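Two complexes, one shared chain (subunit A), two partners (subunit B, subunit C).
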Partner chain A sequence: MATSEALLRLRYRLLPDRLFGELLTKSWIDNVIPALALVVTILVMIWIVPGYLTVANLTDLARQVSEFGLIALALTIVILSGGIDLSVGSMFALCVLAALVSMNVLGLPVGVALVATLATGLACGLLNGVLIGYLRLRAFITTLVTLVIYRALYDIIFPRLASAIVGSMPVSPTWDLIGFGSFYGLPVSFVIFAIIAVGVHIVLSRLRPGWRLRAVGGARRSAYNAGINVKLTVCLAYVASGLLTAIAAFLFSARLGSTGADTGIGLEISVLTAVVLGGVSLGGGRGSVGNAVIGSILVLILTSGLIRLSMPGSVNQLILGLVLIAAVLFDAKWVKNRGKLLSKVYVSPTYLKLPNLTPPTGTDVLAVNDRLGAAELIGLGAVEGPEDVVLDRDDNLYTGTRHGTIVRFLAPDYARSEVFARIGGHPLGLAFAPNGDLLTCVGGMGVYRVSPDGKVAKVTDETNRSLLSVIDDSRLRLPDDLDIAPDGRIFFSEATIRYEMSEWAVDALEGRGNGRLICHDPRTGSTRTMLRGLIFPNGVTICRDGQSLLFAETWACRISRYWFDGPDKGKHEIFRDNLPGYPDNLNRGSDGTYWVALLGTRTKTFDLAMRKPGFRRRMAKRIAADEWLFPNINRGCVLRVSETGEIVDALWDEAGENHPSITSTCEHKGWLYLGGVSNNRIGRVRIAGADPQWTAHDDYWGKR
Partner chain B sequence: MSEAAAQGNQARLSSLLNSQEGIVLVLAVLAFVLFSLLLPSFFSPGNILALIRSVSILGILALGMALVVIARGIDVSMIATMVVSVSWAFVIARSGYSLEFALLVGALFAVSAGMLIGVLIAFGEVAPIFATLAAGSVIYGLGRTFFFTLEMQNVPPGAGWFSLIGQGRILGVPVTVVIFAMLCLALHLVLSRTWFGWQTYAMGNNPGAARITGISNRPMIVAQYAISALIAYGAGLVLASSASAINARLFNSTMIYDILLVVVLGGIGLNGGHGKVRNVILGTIFVGILLNGMTIMNIAYTIQNLVKGVVLLLAIVIDSLVNPRDEQTSQQGDL
Partner chain C sequence: MAGLGAFVRRLFSADDAGISVPAMDGVFKPDNRLEEAERLLLLPAIDNLVSSPAGLLCSSGKTLFQLDSGGASVSTVAIAEFAAPISFVASALDGSLAVGIEGEGVRIGQPGASKRIDLPGDMASCLTAGVFAADGSLYVCVGSRKHPARDWKRDLIEGGSSGMVLAIDPANGSHRELAAGLAFPNGAVMLGNGHLAVSESWRHRVVVIDPKSPHKVAILEDLPAYPSRLSPASGGGFWMALFAPRRQLFELVLREDDYRREMMATIDPAEWIGPELAGSARPDQPLSQGSVRQMGVLKPWAPSRSYGLVARCYDSGLPRESWHSRADGGMHGITSVCEHDGRVYAASRGSGTLLRLPGATSGGSPA
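Take a look at the complex of A and B:
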């Protein structure tokens, strides 16, 4: 038994199961498979084709990649907009014709020839764009028809000029440079392609036109409703496609200097294969320049390799078709199932053994009583989700709500309330700074500061990125509670870096240390992570020595102490473990004690489940989330612990009707105020024998 | 005739004239009259028969395409299936097997190719256009690599009955035309009288609703593509019989666009869910008149392609103007 548990513990410590789910959340995961396929293909080609790695071969390949890649970029832009452009092959042929007629037949300068070629591409693209963007024709059938039309034009014009094109050679160093020159060993055309690819990448990923394009392709209706000019965006995508194809044609003409009857025939299929193989999704909105480039290189390596192996053209066609089918199939299944797979594997439970708990007996300090059963209720039905409560020096009561506001209940009877500040996210932990500013941890946003006149300012919303974390942990996801050290530093806990505010309870199923303790220093404005790997760190409170703090680790049912200053700086030890429930916020109390809110009590069932990660994994995979076994987070109690961690008192609501769910406490002038993250009320009870003048302000910062 | 019935007829007539079908009908009649007046050799029984015969093969192929398009699909692999299955059958027949056996093998190949495409679309959930585009390339590559090497495959000698399909006449009417007519009748009966036909329309109208209603979309899709492949094979046999050979290069020609031209011009919307056999006939006749007229006028083949392309483009534009799509109801990924 012990050995098997030790093995289980070892297995969950050593095998990072969570990485799979975290990798799936990354957007670059779409590119990994094409990139791997590229590497494998290159290795296979080097292996089976003799002399593959020669300079001549690579230079030739680079020139082909620049022409083919530009057309792939063209198609990528169109597919990103949610359409498709099958006419690229015929457009390419027409543009080649325009370039060669300008150079060879008319003898125009290179610049004019370039303009003529671009104008041809622009006209072709514009026709597609107007038809598909403004007349709302179907992209597939329309470009199929323009493919026929452009091809027919080419077939009509080309035979009449074929001999003229072949008959004369232009004398132009620039033309030859584009076709055959190299720049530091790289073909000029490849340099041109690289510059254009980087430019398109920046436009697509960093600039507004690119974002609009992706928006239109990803969710056309939403883009329309968001006020994006959908018709113009779609039209411009086809125009861009025409222009890029024209540039490709220009490079091709400069390289070959002639054209044949079959120029561009079947090009659309190979480019489409390249783009889809590279990972551009046919549904629109998903894909990048990187995808297009990877796919182009892949397809070119495949086809050129087959040619070098002297395979007939039909084999080429067969293999390209098979690759296209495989790529489209993978694309369809991947887009459909990625989210499903992610939701199945993201929850990654691990082994967590809690110490045995003996149930309280009749005389035990933990025995259930009914002291909260008589709690007075404040703001019943008027607040939603008062996670934390705090009082100012004038006895007014503050709490955050689910609606993203901080509400103030006015002393002395707390019957009237007003919205003190609007934050925008659910404020969790609250604490007063000595100057009267209210600091709050806002779920999903960060740490914010509210001045006494209600002005909201951001304190911090990010910390240092850890080196080896797959998910981006620099952004604060779920800052939970905070406290302020005597020197003004703000210490706050982030409960988990793997879940958002709305699904915080799912973190309980993992039992892993996903949370951290973070410090913000207002003197330098820096935010640093102090401790990581904490199991749902929740309440934070500075100890009275001013050099250490206590923080609760909810799912581990323990309170730990951390020295941030003084001779023991950096020390981290357990203050009190094996609590009877899940500790939430910690707050100072009178007589040198601390209040601990237990948001729920432990159950033997869930403790057992925490030792069975395989069970929890199966549960998360196979059944719906609302049927999962969760810890009890509905009925808790309030504990009072001494400076040494002894439980000296417990307050329960025996009937469970008045105030059973507690996430925070605040002692103020003989009363204990109670908050609960899913409550619709704030409770308060009188503490027998407490100092009627004690306030947290005086305890922290001295008497006013 | 009562007044109400007359009004109903009038309403039907005006709605017909406003629809694309009506426009094409008027255009077809106009083209016919124009060509008859301008081209002396156009309006003769011999030419009319030749016209119908020459477009019959196109019409047969369009019947297969129509079935798929009505179910909101598209099959651009038909030509590949046609040339490869027929060529392979001829190669088998020439290598010593009986022609009947060879034709059976060809049919089996066509059907299995169609079923595989259907499986890819139905179970692989690949958009039909991409699936058939890629499949066309695969089928052709497969055929040229493994089944036959020559582009031209002549009809095997010693099969007199086979040449009757393309060259014979029944009561003076070419067999080709009779086959087209019979296939039209058969598809018409299937579409309008059988569960299969009704479910095809339902799938084209709203695939999601059809599935919820209990229609087995996936087997239906497989069946539709298998049928269209079989029809393509049949058209290939007719073509081979009338020309005494089949040319694999047809795969690289614009024939597939001609088929789409017939279907779209006839008024079968690419949105799926509507269209009848009479639309195919109408489209076939219009394209036939167009092609025949241009051929008589001695217009070059390349210019004919241009004219066909422009006409098809205009047809699509009119289709989109008659049945506009708006931003709120158009579907994502609807190419």
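Take a look at the complex of A and C:
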């Protein structure tokens, strides 16, 4: 038994299962499989084709990639917009014709020839764009028709000019440079392609037109509702396609200097294969320049390799067709199942053994009592989700609500309330700065400051990104509680970096140290992570020595102490473990004690489940979230802990009607105020024998 | 590498298939009628209700009571006291009673003048239900041969299927086995055609046994809750008490052998994951995420561990109507329903309450 537990613990320490899920959340994961396919194909080619890695061969491949890749980019843009362009092959042929007529027949300068070629591409693309974008014709049928029309035009014009094109050779060094020149060993055409590809990548991934294009392709109606000019965006996608095809045609003309009757025939199928193989989704909205480039190289290597293996052309086409079908099939399945796969593997529980708990006996300090049963209720039904409660110097009571507001209850009877500030996220931890500003941790947003007149300002919403974290942990996801050090530094906890506010319960299922302790220094404006790998760090309170702080680690049922200053700076030790429940907020109390709110009590069944990660993982997969086993958070209580971590008192609500789960406490002038994150009321009880003048404000900052 | 292999296997294995339990839907669409039913009497551990020629009887712990509901209030008269808790009561047409006593077996006869039927020891401790046939023979359900009646939860978590149905001849005290290998038979009723219907709790179904042949046929399957005792309904068909809800979490635990074994070995049964007869406010009780009190309210659809449910079925087994007390209610753990003098009574063992069902009219045509 002990050995198997030790093995289990080791297995969960050494094998980072969670990485599979985190990798799947990355957007670049779409490129990984095509990239792997490319590497495998290259290795196979090197193996079966002798002399594959020669300079001549690679240069030739680079030149082909420049032309082919540009057309792939053209098609990628159109597919991203949610359409398809089958006319690229015919368009390419027409543009080649335009370039060669300009250069060979009319003898125009290279610049003019380029403009003429681009104009041809523009005209062809614009026709497609207007028909599809503005007249709302189907992309597939429209470009199929223009494919035929452009091809027909080519077939009419080409025979009349064929001899003239072949008959004369242009004398232009620039033209020759584009066709045959090289730049530090790289073909010039490839350099041109690389520059264009980088430019298109920046436009697609970083600039507004690219985002609009993806939005239109991903969800046309939503894009329209968001105010995007859908018709124009679609039209421009086809225009861009025409222009990129024209550039490809120009490079092709410069390289070959002639054309034939079959130029561009079947090109659309190989380009389509390349684009889909590279990972651009035919459904629209998903894909990148990287996908197009990977796909192009893959298809060119495949076809050239097949030619070198002296396969007949028809077999070549057959193989390409099969590859296309396989790629489309894979794309469809991948898009459909990626989310499912992610939800299957993202939740990754780990081994967490809590010390054994002996149940309290009759006279034990932890035995259930009813001292909160007579709590006076404040704001019943007027607040929803008062996670933390705090009082100001004038005895007014403040709390955050799940509606994204901070509500103030006015002293002395707290019968009247008003919205003190609107924040927009659920305010969790609250603390007063010595100047009267209210600081709050807002779930899903960050740390905010509210001035006494109710003005809201952001303090921080990011910290330094960890070097080795797969998911981006620079953004604050779930800041939970904060406290202010004597020098004004703000220390706050972030409960988990893997889940959003609404999914905090899933973190309980994982039981891993997903949280951290962060410090914001208002003097420098910097935010730095102090401790990582904490198990749902929750309440934070500065100790009276001004050099250390206590923080609760909820799922580990313990309170830890961390020294941020003084001789022990950086020390981190357990202050009190094996608590009978799950600690939430920590607050100072009178007589040098601390109040610990327990949001729920431990159950043996959940403790056992925490030692069985496989059980929890299967639970997460097999049954609905509402049915998941949970600690008993319908039964919370308040503990009073001495300066040395000894539990000196416990207060329970025996019936559990008013305060089933308690997430925070605040002692103020002899009363204890109670909050609960899933409650709709605040409670207060008199603390027997407490100093009626004691306030946390005075304890922190001295009497005024 | 082994880890990767396990990972890939895990992705494709059927171990990850979702677990579902039948939804409370159709005839079982939830209402609040059991919660709103007339509460006649508080009687701790009230269990088996039975209609006899002498009146309505009920068992509670070691005592057998007669209930007098004639007047405005209901009064109880203790008519018999036994050495161990009563596990079932059945009444014959002539007024003689059969009483199951935990650990002792069955006693048959008029109250005060009963004789004990000898049963093998492992059959005597968990007699969950009994019914007299028209010819005077007695059919008795043995829920489990491994655990006494009060340890029903252990039998469930162990996946028990050692239950059986016995036919007892009251005249000479002989018994024979009618069916075996049942997963906690927990209720029995005679159908109009002379066949015996038996509820099988852990398999969430009702089976019909022909006393003359060894075959048993399931007439009602995939119940959304664990069925308990059955009783005849006037006008045909039968009443069925369902004592606790099925939940996805329970079904998961039943499939998780490793967790289940360790839970049974190291944790007190009162704190186990599993169905209960009543809700508990104790802090050590397991909880499902959906049962967390939100804004001071426990939602009626919360996946609670206890529930109150009574159903009326046709002779064919088809359910016809149902009465509910939901997660936010208290009339949970219904172990017995009984029709007496044209009124329908239910015993909520969880809350120790005797209920009279509203709107439950006798009669009606069978399907």
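Please note the rule applied: the second predicted complex is superposed on the first by the 704 of 704 C-alpha atoms of A that agree within 3 Å, B and C clash if a C-alpha of one lies under 4 Å from a C-alpha of the other, contacts with A are read in each partner's own complex, and residues count from 1 in each chain.
Just so we're on the same page, contacts are C-beta pairs under 8 Å (C-beta built on N, C-alpha and C of every residue); 3 or more make two chains touch, one makes a residue touch a chain.
Everything quoted here is computed from the prediction, not taken from an experiment.
Of the two partner chains placed around the shared chain by superposition, subunit B is the only one that A:V145 touches, whereas subunit C remains out of contact. When both complexes are overlaid on chain A, the residue A:R221 reaches subunit B alone and has no touch with subunit C. Touch criterion met: A:G83 reaches subunit B, while subunit C stays clear of it. By the touch criterion defined above, A:F615 lies against subunit C but remains apart from subunit B after alignment on the C-alpha atoms of chain A.
By the document's definition of touching, of the two partners only subunit B reaches A:V315; subunit C does not. In the superposition on chain A, A:V450 contacts neither subunit B nor subunit C.
Comparing the two complexes, no residue of subunit A contacts subunit B in one case and subunit C in the other.
Across the complex, subunit A is touched by residues 3, 7, 11, 15-19, 247-249, 251-252, 256, 258-259, 262-263, 266-268, 271-273, 281-296, 302-303 of subunit C.
The part of subunit A that touches subunit B in the complex is made up of residues 82-84, 131, 135-142, 144-146, 148-149, 151-153, 155-156, 219-221, 224, 230, 265, 269, 272-273, 276, 282-284, 312-322, 324-325, 328-329, 332-333, 336.
Residue ranges of subunit A in contact with subunit C, taken from their complex: 11, 15, 17, 20, 341, 344-345, 359, 368, 380, 384, 505, 581, 601, 603-606, 608-609, 612, 614-615, 618-619, 621-635, 654-658, 660-661, 678-681. Those residues of subunit B whose C-beta lies close enough to touch subunit A in the complex are 74, 120, 124-127, 129-131, 133-145, 252, 254, 257, 260, 264, 270, 300, 302-303, 305-306, 308-310, 312-313, 316-317, 320-321, 324-325, 327-328, 330, 332-335.
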